[in-house]
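Both of the next two complexes hold chain A, though its partner changes from chain B to chain C.
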Partner chain A sequence: MKQTLQQVFHSGKFIVGFVIFMALLLLVIIYPLFIKDAPLAIIAQGSFFPPGTYVNIYDSINTTDIYTLNLQDAAANRISSKLSNDDREAMKEWLIGDGVPADQIDTSDTASLLDLWEKNYDPQKNIPGMIFAQKRYYQRLNDSVQGILSTEGEILAALNPETGTLEQIGTVNQSDYVNIDQVANVRVLPLGTDNFGRDVLTELVKAIEVSLEIGFVAGIVATLIGLTLGLLSGYIGGWVDDMIMFVTNLFTVIPSFVLLVLISFSIGQEQRGAVTIAIVIGLTSWVWTTRAVRSQVISLRNRDHVNLSKIAGHSIFHIILNDILPYIASYVVMALILQISSAILAEASLSILGLGPKTSVVPTLGLMMNWAMIYQAEILGKWWAYFPVIVAIALITFSMNLMNTGLDQVFNPALRD
Partner chain B sequence: MKGYKKYFLNKLLWFVITLVAAVILNFILPRLMPGDPVAGIVARLAQGMSSSTGMKAVYEKYAELFGINKPLLTQFFLYVKNIFQGNFGSSFTQYPRPVLDIIKSSIWWTVCLQFPAIIVGWIIGNTLGAIAAYVKKGFDKVILPISILIGNLPAFGVAVILLVIFAVDLKWFPTSGGYGFDLIPTMSWQFVWSVIVHYQLPFWSIVLVAIGGQAIGMRSMSIYELNADYVKYARFMGIKDRKIVGYVFRNAMLPQVTGLALSIGTMVGGALVAEIIFSYPGLGYMLLQGILGQDYPLISAVTLIITLMVLIANFAIELIYGLIDPRIKAAQAE
Partner chain C sequence: MADKISSCLKGEGLTKIFGVGRRKTLAVDHVDFDFCEGKIVSIVGESGSGKTTLAKMLLGLIKPTEGEIYFQGKKRDISSQKKRREYWKNIQAIFQDPYSSFNIFNKIDAVLLDCIKMRDGKKLTNEQKVAMMAEACSFVNLKFDELTNKYPFELSGGQMQRLMIARIFILKPKVLLADEPTSMIDACSRATILDMLMKLRDEIGMTIVFITHDIGLAYYVSDTVYIMEHGRIIESGSADEVILHPKEAYTQRLISDVPKIHEEWDLSTVQYSVS
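Up next, the complex of A and B:
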């Protein structure tokens, strides 16, 4: 046993797969210790906030420590964040449409461009060939560039409860800074928020956990069924073998995907928990294990040590447990690993069809994918809603397949490079 | 010819048995669930319907279609009779359009998309796998990791990535549909071109997934064969390398053909999900529509048709296998 393990851990492929898998497992265990938010808590008002650090504006304004930093590029940064190159080109287009000669417009000179813009832009004016959406875009652009070249600070005002008038309580200068560590409320959203306004990273970690659980439950169910049927079929033979192989061959050809869809739909949305889905997946994917175990058992059945055990009068149960199982254990483990990864994929496919576990209880990788697809994250360019999910699924299956290949090479010397 | 005839009859019998089993499963699985299936369907269908006489009429219509008041065996024969008459009932979501009509309009999209894609993927995958096994060194070092990477991406993942890169970012291809939304299906050049353009992304996403899986299998099969004793013997005999390679890959191909027959169900399942990502108007998309609208007759019919397609494909592959497997040929010669 110890030697086998040593051999297994000498296989490079197995180690790489094992390390990736352990890293995912550690993430799932450690992350919730630090971030204690509920994974499905809706924190954002609105959908698909981009990844980044969110600093509370109220706290930043009311901070007691204001630092003045005189940075050379501050004004340029401010202008370029409000007026991108595309915006400049769009302005030029409008001005040309308005009749300003093209050689007078210099998009790289912000001051002169804005000067021209201010003089000529009229929100009511109709430029021929411009659709309504473009007109609205120019109105928004005009609002955003107002006061962009100003060097004055913004005035803070508060409502006086007695007179009902606004009174100045302070100013925010353009060179004022806060230290982000001193702002009371800062939230890092490394993967932004999803369509419902939930933190994608927290959700993703929980989803990996649930998907792995689904994989394990489904894998164990499938392996137990496959192992039992394979042992019976291979060892007993005769009509038992014929019966079991008949059923196995039937379910090999009839696509398990179709069975999954039919069963999940019949169970109904309300009864579909993560565990139910896992068991259903397990019940529809045992055929490969049965075939593999059966062929192994048939080759073992007439070995000397098994025959000796038979002569010694051991029971079938004893023979299977002591003389057969230890020899096929490695195959069963490999089959289990493959079952787990294919179960995780099956859950994801089902969820994309809208037949996954009940929503609103736990996230799974498939459900996250489903939500992102329903809200068209891929068309809207909200990569953080779906790409991490695909990467997570790929990492899980990749690590499992690597472990499987590694084990295969250890136990099956013909395959070694 | 005797050997092949026997083989053919054997496979035909097996095809009929699996077909019967599939029909039984399609019939029995939804009815195994506790409760009255028709009541459940009507409850879902009648959401927002206030008139109780209307609900009763709907209930009676489906009770008659399903024959739920009769014994299970009678119900089954009624079901089989309806299938043979092509009577799958009316769709709930597109009422009163018959389900048969929806299936007819979507099945060719799926057939024309999936089977060419799976076959092309299989051929490219096997070629790459064989080359990787034979050349080894540089080529193998590139092909193997890429195949493993793609083989591990889920089918919908490949579809989404292709969609984002080529349709959303580069705008080379449209993001969804089977043809331009502003066109009416006719045999005009414009329409055909639109269909071809819409075909590319779903097609290549299925091909890519198939390549990944097949290349790995073919590579290890070929390595196994290349190290076999008959290859060494042939080398000692001085037979040309080119000729040996021909033998080796023909032997390595056979398990790959069986592998295709066994995995075609899984491949079709993955491809259906890829169809959904591209909103391609095939069976996968119809299945999604059915599930979203709790449209039981549509789901039941689509699953049955998909099973039928997979079984036929499987049968066809088995027949081809019989033609190319030398062992069955040898039996024919006797």
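Up next, the complex of A and C:
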């Protein structure tokens, strides 16, 4: 036992898989200790906020300490954030369409470009060939470049309750800074928000946890059924074997995914919890374990150590448990790992079809993919809503398959290098 | 019963066919035999002649396709687990290949404890059990202290077969089926193993069915000899009768394969390969 474990941890593949898997597991365990939000809490008004650090504007205006930093590139940064290269090219295009000669326009000189723009742009004017959406875009661009070269600060005003007029109470200069540590509310959203305005990372961590649970429950259900049937059918043989193999063959002929879809559909949306789905997946995927275990047992049952156990008067139960099971244990562990990873994939496929667990309670990796697809995240280019999910699914199955092949190398001497 | 040498194991028309249809093999073909109590009976035959299959039928590990087995004069009844346990208290075996005879996950103690449990139930104290295991081990020249907590696969082939004999020493069955107990081990341990079997027989007076492909060995150990060819028993009788005066050509060939069995044999026909 100890030597086997040592050997297992000498297999490079197994270690890589194990480390990735443990990292995911640690993430699932540690993350909720720090971020205590409910995984499905809607925090954002609007959908698909991009990843980044969100600083509360109200709090940053109202901090007690204002620092003045005179930074060389501040103005340039400000301008480029409001006026990207694409915007400059678009402005040039409009100006050319308006009749300004192309050689007079220098897009790298912000001041002269804005000067030209100021002089020529008229929101009412129709440039030939320009569609309505483009017209709207230029109007928005025009709004955003207003006052871009100004060096004035913004005025803060408050309503005087006595006179009912606005009174200036301060200014925010362009060189004013706050220390982000002193701002009361800053929220990092490393993966932004999803279509419903939920923090994608928090959701993802919970989804990994739930998907792993589904995988384990389904894998264990499938392995237990497969193991029991395989042991009985292989060891007892005769009509027991015939009957079990009849049922197994039935299940082999009907693709298990079709069965899974049909069962999930007939359960109905309301009854489909994560555990229910896991059990249904387990109930439809034991076939290969049964077949594999059966053939192993058949080759074992005529061995002399089994015969010796028989003539020592042991019961069938004792023989299966002590003389057969230990010999196929490594095999069963490998089958379990494969079952877990394929159950996670099965849940994802089901959920993408909209037949996964009930949507309002917990997220799963499949459900997150489903939401991202329904709200067209991939068409809108909101990569943070689906790409991390794909990576998570890939990492889980990849690590499990690595562990599996690693184990295979240890337990199957023919594959040892 | 007392007036004649009683029959211990008897077979009538015993047949075993493996497989069905075209892939049918007739492993044992209508054999009749009668092993007397307290004797050493040899079954001799080439590889594949059905010796192991016959032994497994006698042990009740595989069901005969046809034929009857009588144990101590009565039709053998092993229809329930309880009856089988009772049967196996009387009939035990040593298998051909010691390397695959033990469960590699069980320690040596467990193997011997199983036998103690089978013979005496659970009424013994731990000290008595240990004393019994130590006695059995010392009978086969093994040191029990060195063996506890070891696994069978940590022993040599010869030591494993001696452990098998230690099992038999504890169980003290009426019949022992020894299926080529020495074919997988070297010549030196072979003599030791045989000596121990003989000593054990003298001690507990059991019937030994000694299966071998080596007719010289059969002559050396047995009272009665059965010769098997392609699943059939073609010749049988006392060892002297069969081996010194063989009737069948097959038996003669078996004998000529083993030189030096008796001065009468013409050694010039034997080809030695010089390597």
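Quick note on the criterion: the second predicted complex is superposed on the first by the 416 of 417 C-alpha atoms of A that agree within 3 Å, B and C clash if a C-alpha of one lies under 4 Å from a C-alpha of the other, contacts with A are read in each partner's own complex, and residues count from 1 in each chain.
One rule holds in what follows: a residue touches a chain if its C-beta (ideal position, glycine included) is under 8 Å from a C-beta of that chain, and two chains touch if they have at least 3 such contacts.
All values reported here derive from a predicted model rather than from experimental measurement.
Chemist: Taking chain A as the common reference, can chain B and chain C both be placed on it without clashing, or not? Answer clash or fit.
Modeler: fit
Chemist: Using C-alpha centres in the superposed arrangement, which angle lies between chain B and chain C as seen from chain A, in steps of 10 degrees?
Modeler: Reported to the nearest 10, the angle reads 60 degrees.
Chemist: Applying the touch criterion given at the start, work out whether A:A158 contacts chain B, chain C, both or neither, answering first, second, both or neither.
Modeler: In the superposition, A:A158 touches no partner, neither chain B nor chain C.
Chemist: Could you say whether A:V188 touches chain B, chain C, both of them, or neither, answering first, second, both or neither?
Modeler: Neither partner.
Chemist: Identify the partner contact of A:K310: answer first if only chain B is touched, second if only chain C is, both if each is, neither if none is.
Modeler: So A:K310 only meets chain C here.
Chemist: When the two structures are overlaid on chain A, which partner does A:V172 contact: first (chain B), second (chain C), both, or neither?
Modeler: In the superposition, A:V172 touches no partner, neither chain B nor chain C.
Chemist: Examine A:N322 and indicate which partner it touches, taking first as chain B and second as chain C; both and neither are also allowed.
Modeler: second
Chemist: Would you mind checking which one, chain B or chain C, touches more residues on chain A?
Modeler: B
Chemist: For A:I379, select first, second, both or neither according to whether it touches chain B, chain C, the two together, or no partner.
Modeler: Touch status of A:I379: first partner only.
Chemist: Report the closest approach of chain B and chain C over their C-alpha atoms in the superposed model, as a whole number of Å.
Modeler: Closest C-alpha pair between chain B and chain C: 11 Å.
Chemist: Inside the complex, what are the residues of chain B that reach chain A?
Modeler: 14, 17-18, 21-22, 25-26, 29-30, 32-33, 40, 148-149, 151-157, 160-161, 163-164, 168, 175, 220, 223-224, 227, 262, 265-266, 268-270, 272-273, 276-277, 287-288, 291-292, 296, 299-300, 303, 306-307, 310-311, 314
Chemist: For the complex, which residues does chain C have touching chain A?
Modeler: Interface residues on the chain C side: 56, 59, 61, 81, 84-85, 88-89, 91-93, 95-97, 100-106, 114-115, 118.
Chemist: Going by the contact rule at the top, pick out the chain A residues touching chain B in the complex.
Modeler: It is residues 249-250, 252-259, 261-263, 265-268, 345, 348-349, 352-355, 369, 373, 378-379, 381, 383, 386, 390, 393-394, 397-398, 401-402, 414-415 of chain A that touch chain B.
Chemist: What does chain A use to touch chain C in their complex?
Modeler: Residue positions touching the partner: 303-305, 307-316, 322-323, 326-327.
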